[in-house]
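Below are two complexes that have chain A in common, paired first with chain B and then with chain C.
Up next, the complex of A and B:
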């Protein structure tokens, strides 16, 4: 360890050519038996078979490669915004960022070149690099909203919140926008009917969530028969319920 | 004895076989190619498969005896496949393994782990699918790009004719000002500014002769020589001479003596020849009988 430190110090003092450190990602071998010494400035002796017995010093391919740092040229979903310096695994960086031209190598020139200008900073388009992922996940599911079959109810944001929690999403009631029309029950005509509501993420991104009403009773004999994988089956939209309002100016929303 | 040979007195230090650049067509290869050859074959490549010993002397671990370091390089094998991909200086090693102390040594080949990947050349504006190793990719990242990797490294470190060919193409493209990026002038100027320092170490002739194998270089030289000497058939040469003589003699069928043009153009020469052939054939063309060759093949 101490040796390594000494070597690096020594290298720094040397010329520029030796600054580029050698990378080894391959078999590194050494001779098991050293050949006999030969006269200086003369041909080496004829080697015998035992001098070609090699031992593996290290196979650098099995070592974990360190993360790579790159500068993003544009906003990349799930990675970062323009001008960010991100540190990720080298294979992902090369295949998904460098080759498609979404990022460049981290150099002082590139950092200065792709830094965000003031105009770009003020025009916020994305609240976070990961928000779009949540939008995609929310838009891909069909949410089962399970309501009481015996007691009267009107659908409110907290119903959606509880159903989302059952599906593994935690969100606050303020983020949920229901359709303008009241949805009342119990009404078996509304069983397995679909309506849409809007989820606002970070007060900016909006996701359209598909919800289906299902009735459920505390009395086991009163319950409706279970339908296997009902979210895969097509369903009808709930009549006289329109789409919720999607605010055009997201900044104003609470 | 020594005086009778072509090497003369030099033979006293032992007979020296002529090298590939001293005999045959190889002797005519330009210095630009020899410079590349020195860079490719006669330079010591960077340490890939061994840890280089930097010191001049070392101490034996067991006996503590001091002995000089004489590092003899491991023999490396470049299979034909290594020239179809870019292995980043790696090669196949042939040797033995001693797996157990009491057992006989076992032959073993250490072969690099290959993978197919895409590399992007900014200068050529192209994506290429090539067989590479992990080391190649790491070197590309270290040099900050594929073009930089090719241009920074010497031919002995690239160790692949494909890489050398690409390097020549890139150098040629840089010399002609990146024609592949003509659609984007801004990017083109940036790329030229970034990569033009590499052009300083090559002349245009060196770029022309860079990255050829010996056989390719000989083929190239042969083609150049063939193009240089234009073989004109004697028939044409003698005819034109004859026409000149006829004109000087003042025979009117040969045309008038030209004084306006110092050198008659090639087309004109051909026209003269045609005229002469007409002249020759004109008396015989009158009778159709003379055209018939009684010993010719029968037409059916």
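Up next, the complex of A and C:
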């Protein structure tokens, strides 16, 4: 009776929850104690209280969701080129690709729609999804080129290659372009002076690499005193060529 | 009323008899039986020895007890392999060099125009999975000598004493480069104290003198020649060459991670021929692989080539030189061959005796 009184007589338009959020409420359970078997064509036995004790087999809420496949609409750095079908974690796909409009769901129509045209194929802008990252990292470092203080030398591409390998960058000799001028040594006037060389990635992207010469002697007593965090200090250009000077205080060392 | 009284009395009377009956059951016989079972149970219980640790101040506990140490077996197989010709190493799998390439890389950094140490020693770091046949058992630390085809100056002082009878063998041993060669007279010198065995790092013997050499067993202790450590055998020259030129290495388990073993050995200098260095590495790896436990999976997990003063470590593939997985059949054949050899040496010693 009370219920009937309390119910409002007005029946206005109700606000329906339009946002249907997907929730996972499935739990896979297993009986802890198996119920006893019963005879064929007989009623099953009455289950006791202990037969309603369950053990958790799987909680679908904490299950790792599988990767999602999407078609890229444009070139995305670190992911892929236009028209590529990529498989990535669903959260990344939703937040970084679908919401910004960089990709769409993988359907035959979408694949056909976003496939690269012949004109686009010929005008290649990016050789690989990670090339731009490599360019950025190469341009952010100051490479220490350690040369001998006692033996004569002329800087060659393999010196830069070995120095880059020591700094954690792997490259081939033919990717390195040195300045046209010969850089000779040992010359202590060239100590900590900067020159630029160009690294070509996949014969397409070009990175401008800052290199500084340091003199090193095999005999420990002959070595130059160590300058703390020398890569953060400003330095003079080694060559008088008008190469564009970038930031005065680079952040990282190599 | 009367009947009730009588029944109550009966109850009162019965009670003590019941107690007496209960007492009857607690006899010595049952007690003895229970004693036996208790004893068994006590024996079954393994005493857990609690190690006494001295008081560690609270501010040092994170450094001493609750330290989280990273697994020393590095696995980067989840990383991708770069398709670019220039790439940042830390985002990708370690490059695997061939031995020739790795040596070339070290030669570049050690070139006169850079570090100027073209004759720097080339060091090999071999990482081992020391797990034994069971998950809780580990391979013991071992020390061995690997024979190498191309000798180099290892910088160690190795003195070898050789015991043998017969002029031919004495001459052969001298030619091979033994520090001291002798027979029964040498044994007499040692027993009289004129010669000290501690001056010699390695003791080699020919089976023909084994009977007389038994007198020195107490003095030599673990250094006593035996065929297993390849210090007892008929081919003296080969053994002497091995002990004077070979690579002496030792595998040691990590203090905190029992299944991680490390071998650091020098295999030559950078100015040696790259092919000779490669052969030395292959002989060393094959020798290390003989200590492999009888289980599946890798024993040698990673091999790095290093050369001071450069801090570069270049990974090479060891499975070009040794088989990657445990081969049951090969091991069985080898064991049979060893057994045959052992019986032969036993026969030889019996004959000598």
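Points worth noting:
Everything below uses one rule, namely that the second predicted complex is superposed on the first by the 181 of 254 C-alpha atoms of A that agree within 3 Å, B and C clash if a C-alpha of one lies under 4 Å from a C-alpha of the other, contacts with A are read in each partner's own complex, and residues count from 1 in each chain.
The definition used in the following text is that a contact is a pair of C-beta atoms (placed from the backbone, for glycine too) under 8 Å apart; a residue touches a chain by one contact, two chains touch by 3 or more.
This structure is a prediction, so every number in the text was calculated from the model and none was measured.
Residue contacts after overlaying the shared chain place A:46 against neither chain B nor chain C.
When both complexes are overlaid on chain A, the residue A:64 reaches neither chain B nor chain C. In the superposition on chain A, no contact is made by A:125 with either chain B or chain C. Judged by the touch definition given at the top, the superposed model places A:94 against chain B, while chain C stays out of reach.
When the two structures are aligned on the shared chain, A:54 is found in touch with chain B, with no touch to chain C. Of the two partner chains placed by the overlay, only chain B lies in contact with A:32; chain C stays clear of it. Of the two partner chains placed by superposition, only chain C is touched by A:147; chain B is not. Of the residues of chain A, not a single one touches chain B in one of the two structures and chain C in the other.
Touching chain C in their complex are the following residues of chain A: 127-128, 130-131, 133-134, 137-138, 146-148, 150-154, 158-159, 161-162, 165-166, 168-172, 175, 199-202, 207, 216, 218.
Interface residues of chain B facing chain A in the complex, by the touch rule stated above, are 46-51, 67-68, 70, 72, 74, 90, 93-98, 105, 108, 110, 112-113, 117-118, 120, 127, 133-135, 137-139, 141-142, 144-145. Those residues of chain A whose C-beta lies close enough to touch chain B in the complex are 20, 22-32, 35, 37-38, 40, 44, 47, 49-50, 52-55, 57, 61, 65, 68, 90, 94, 98-99, 105, 107. Those residues of chain C that touch chain A in the shared complex are 82-91, 95, 105, 108-109, 112-117, 310-312.
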